[in-house]
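Below: one structure in structure tokens.
Each chain gets a letter, A, B, C and D, in the order it is written, and its residues are counted from 1.
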Amino acid sequence: MKTIDLNSDMGESFGPYIMGNDEEMIKVISSANVGCGFHGGDPLVMHKTLSMAKANDVGVGAHPGFYDLWGFGRRQIHGERPEDVEKTLVYQIGAIQGMAASLDMEVTHYKIHGSLGNMACVDEALAMAAGRAVKSVNKDLLFMVLPGSELEKAAEKLGLRCAREIFADRAYDDNGMLVPRKVDGAVIHDPDEAALRIVKFVEEGAIFSVTGKKIPVKIDSICVHGDTPSAVAMAVKVRDALKDAGIEIQSIAKTLA
Amino acid sequence: MKTIDLNSDMGESFGPYIMGNDEEMIKVISSANVGCGFHGGDPLVMHKTLSMAKANDVGVGAHPGFYDLWGFGRRQIHGERPEDVEKTLVYQIGAIQGMAASLDMEVTHYKIHGSLGNMACVDEALAMAAGRAVKSVNKDLLFMVLPGSELEKAAEKLGLRCAREIFADRAYDDNGMLVPRKVDGAVIHDPDEAALRIVKFVEEGAIFSVTGKKIPVKIDSICVHGDTPSAVAMAVKVRDALKDAGIEIQSIAKTLA
Amino acid sequence: MKTIDLNSDMGESFGPYIMGNDEEMIKVISSANVGCGFHGGDPLVMHKTLSMAKANDVGVGAHPGFYDLWGFGRRQIHGERPEDVEKTLVYQIGAIQGMAASLDMEVTHYKIHGSLGNMACVDEALAMAAGRAVKSVNKDLLFMVLPGSELEKAAEKLGLRCAREIFADRAYDDNGMLVPRKVDGAVIHDPDEAALRIVKFVEEGAIFSVTGKKIPVKIDSICVHGDTPSAVAMAVKVRDALKDAGIEIQSIAKTLA
Amino acid sequence: MKTIDLNSDMGESFGPYIMGNDEEMIKVISSANVGCGFHGGDPLVMHKTLSMAKANDVGVGAHPGFYDLWGFGRRQIHGERPEDVEKTLVYQIGAIQGMAASLDMEVTHYKIHGSLGNMACVDEALAMAAGRAVKSVNKDLLFMVLPGSELEKAAEKLGLRCAREIFADRAYDDNGMLVPRKVDGAVIHDPDEAALRIVKFVEEGAIFSVTGKKIPVKIDSICVHGDTPSAVAMAVKVRDALKDAGIEIQSIAKTLA
């Protein structure tokens, strides 16, 4: 039976500030990318998120970002040396591994957040820094990357296991890259359309660009966003459509174990 | 041959802000209590501090504090549940363990910083939270505590290994507790006096109070402060006096290994 | 015609993190206590909140708190000198006055947030610091205080104009003080009950304690909370009940102008 | 008698963290650019710095920067809208004006810090945002700018008074722009050389580039850096050389008053 992973960012609340509907989303997905306190998340939120993941048998990933709470890791911060960014990632991976240990759990994957992730997708030095960070703390973590990105190449160069993800609600161009958000049609808002599309992608082992071009890629995981009001509804649609098509939802860490 | 550990807080710089003279202090001590980013320290500082500890064969300890950079962990923060404080400690221990792993090192001890440490010395619930935190992430860490404090009792209740420390530059009262800083004579400023006193304490296995009362205690480590201009000079005096008395300086983690 | 002020805390969102439903609440109240960036709020949020207040003809107050975003100003922070707390308040008042100036508006009142407010209610030195802060930056701001508190006394000693507020949803004891939240019945959750009660208080110029004791107090403003899901509904009930009783809702700054 | 202003950044310490030697530098300069809490500085530091400026009859300027304490405002942060950056500047100007008011002082100039300043020097939209910010809060503040920069143009477009500054320790290229720090010879480390050069610049009303080209510019102020160990020594040399040449050191705000 074919399986696929469904991942979402969560654990990005901070103190009294709530981000996303983690309680509902955790029931839908198979892998949670958990904020590590630099762009979002804090020790209490992390503890609660990991506890929910354990209760729902959801795989846990480190989801580190820029040290920028105010910008939620979405501001593009330049002028840091890659080897320094690397240390900030090491710290965050360690922190979530400590929390997981305290709950008798294990972190099983790793996905870079926000602007740092986007920048590292197209910047070899940053991508290698991101790869070295996880390799040096825990080389067994699955590195979740965009197919074709510098992050994927870095993972391969460093001999890291990686998981390729595609986005449920984002359009792709003919090079297999994401259409920038500013472009009309870049984001798919209709849950049914997103769900239908994703089933097709998974069944065919390929993404289809906005012009209809078929681009074969390895697809290990589907990312559903968590921080919009309709996020859970979209995730449920995608999950149900996949199940209806006979595709089981399972954590990629478990699949590859 | 008798040995004793010499410990000091370090790695508490932040970004461009320098705290203490870590480069010199690391050459004098045998155990470094390294800031974990909540009251001081950041991933770059932590990386540099651990690297220096490795190069100088100095034992590394997690030195977590309140989430309060502005107050440097010295503001007394009330109204947090002990189980929540516990999670902030877990996070910080994990972070430094991750950094140590990235440098092929191990964290070997654990000491609470500032006001949280002081509050936990006299608050059973906080002390137990501090103990549970380290037990849940890494029960092998040596818990550095003040003899007679709630932290020591918590360590014993939880079956944690612990190391008892005394302060090189602080006066003790007849109950073996620190004389509050506000009281005249609470802090010993003369390095020679401090050094002489410490040799006596270590040789006799006892502290002597301000009234001259002898209070036998187990002494595993001597804490020298790192954040005053004269800190290194004081530490050098203490170290040299101990060596002259035939007492070797050695990391307590190594001694108890 | 009798008038009363209705005040609520707002502008306490931070970056991507939303707190409260300010867009709706601003339509109901007459005075907004606006976060100043230390416990909540940021320059963008402050700008937006002031703009909304202007559009809705709502009076604007500085609402400064402890420098503690993570704790949202609700952690009790000890060990700061009152004269230092004073400077943090001065800074925050200045910041919101700058923002108001940039929008051709004026700040007209001042209310301390959270734990700092609670602590200053019963601590003369803190209360005087809070009073000196506003006096030194802008002595014309109305100081919003609890009747009978140290804040009220400080305002009187310093010759500051002040506005007395009562809480729509909190029970009072026989001394006219708030029943602590932990006590059963301390918080009134039923909007109708809260509304009825407040009308009675305003009409009689007195609060009635949990035992039914009548305690005459000067009532200038009613505080409705803004950070719970049902907050707006409660505020609407209170406002409508007051209006139905022939009491007009008007900013206290306008009333006293 | 010819006069010139000598300015330096200060008030950028934070909590227990000391930056620069403000106590000494304040005796040498005539204008202090005071950190406003976003990249450095805090209310206590600001209060102390303004008090020292008052005691030494030194002009006080708002010195706002990116909201980035860890990076000390030196990280280049992209992806913020200019109108949002504007609000962060408004907030900071307001904060320091509040503090000045509490000390019966006035802020008289305005200078953007670090990366934000550098970015605004070459980015028209950012420069206009920086100009609008000060115009909307206090249009009387003197805007300190680099001659030839977008900041100078923005000040002119917006009808703001401005003061042109040159750097004591930085080399200029043939276009009158700073030689990038990475280039050999970009920074002048010898205090005597810096002093000699500056006297020539001021006397001739021109800067001389690395190739010897004379570029006439209006020079109102000379910036001496404050955050290196040798900063005060450099500033003293520059001041003494100017005085020896018969040029009086006077705050530009006073000169233009």
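In this text, a contact is a pair of C-beta atoms (placed from the backbone, for glycine too) under 8 Å apart; a residue touches a chain by one contact, two chains touch by 3 or more.
Since we're looking at a predicted model, the values are computed, not measured.
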Partner chains that chain A and chain B have in common: C, D
Residue-number overlap at the chain C/chain D interface, same or different (half cut): same
Mean-CA-position distance for chain C and chain B (Å): 43
Inter-centroid spacing, chain D versus chain B (mean Cα positions, whole Å): 42
Numbers and ranges of chain B residues touching at least 2 other chains: 42, 67, 70-71, 74
Contacting residues of chain B [partner chain D, same complex]: 13-19, 42, 69-72, 74, 227
Of chain B, residues touching chain A in the complex: 37, 42-44, 46-47, 67, 84, 87-88, 90-99, 101-103, 133, 136-138
Touching residues (chain side chain C, partner chain B) in the complex: 67-68, 70-71, 74-80, 115
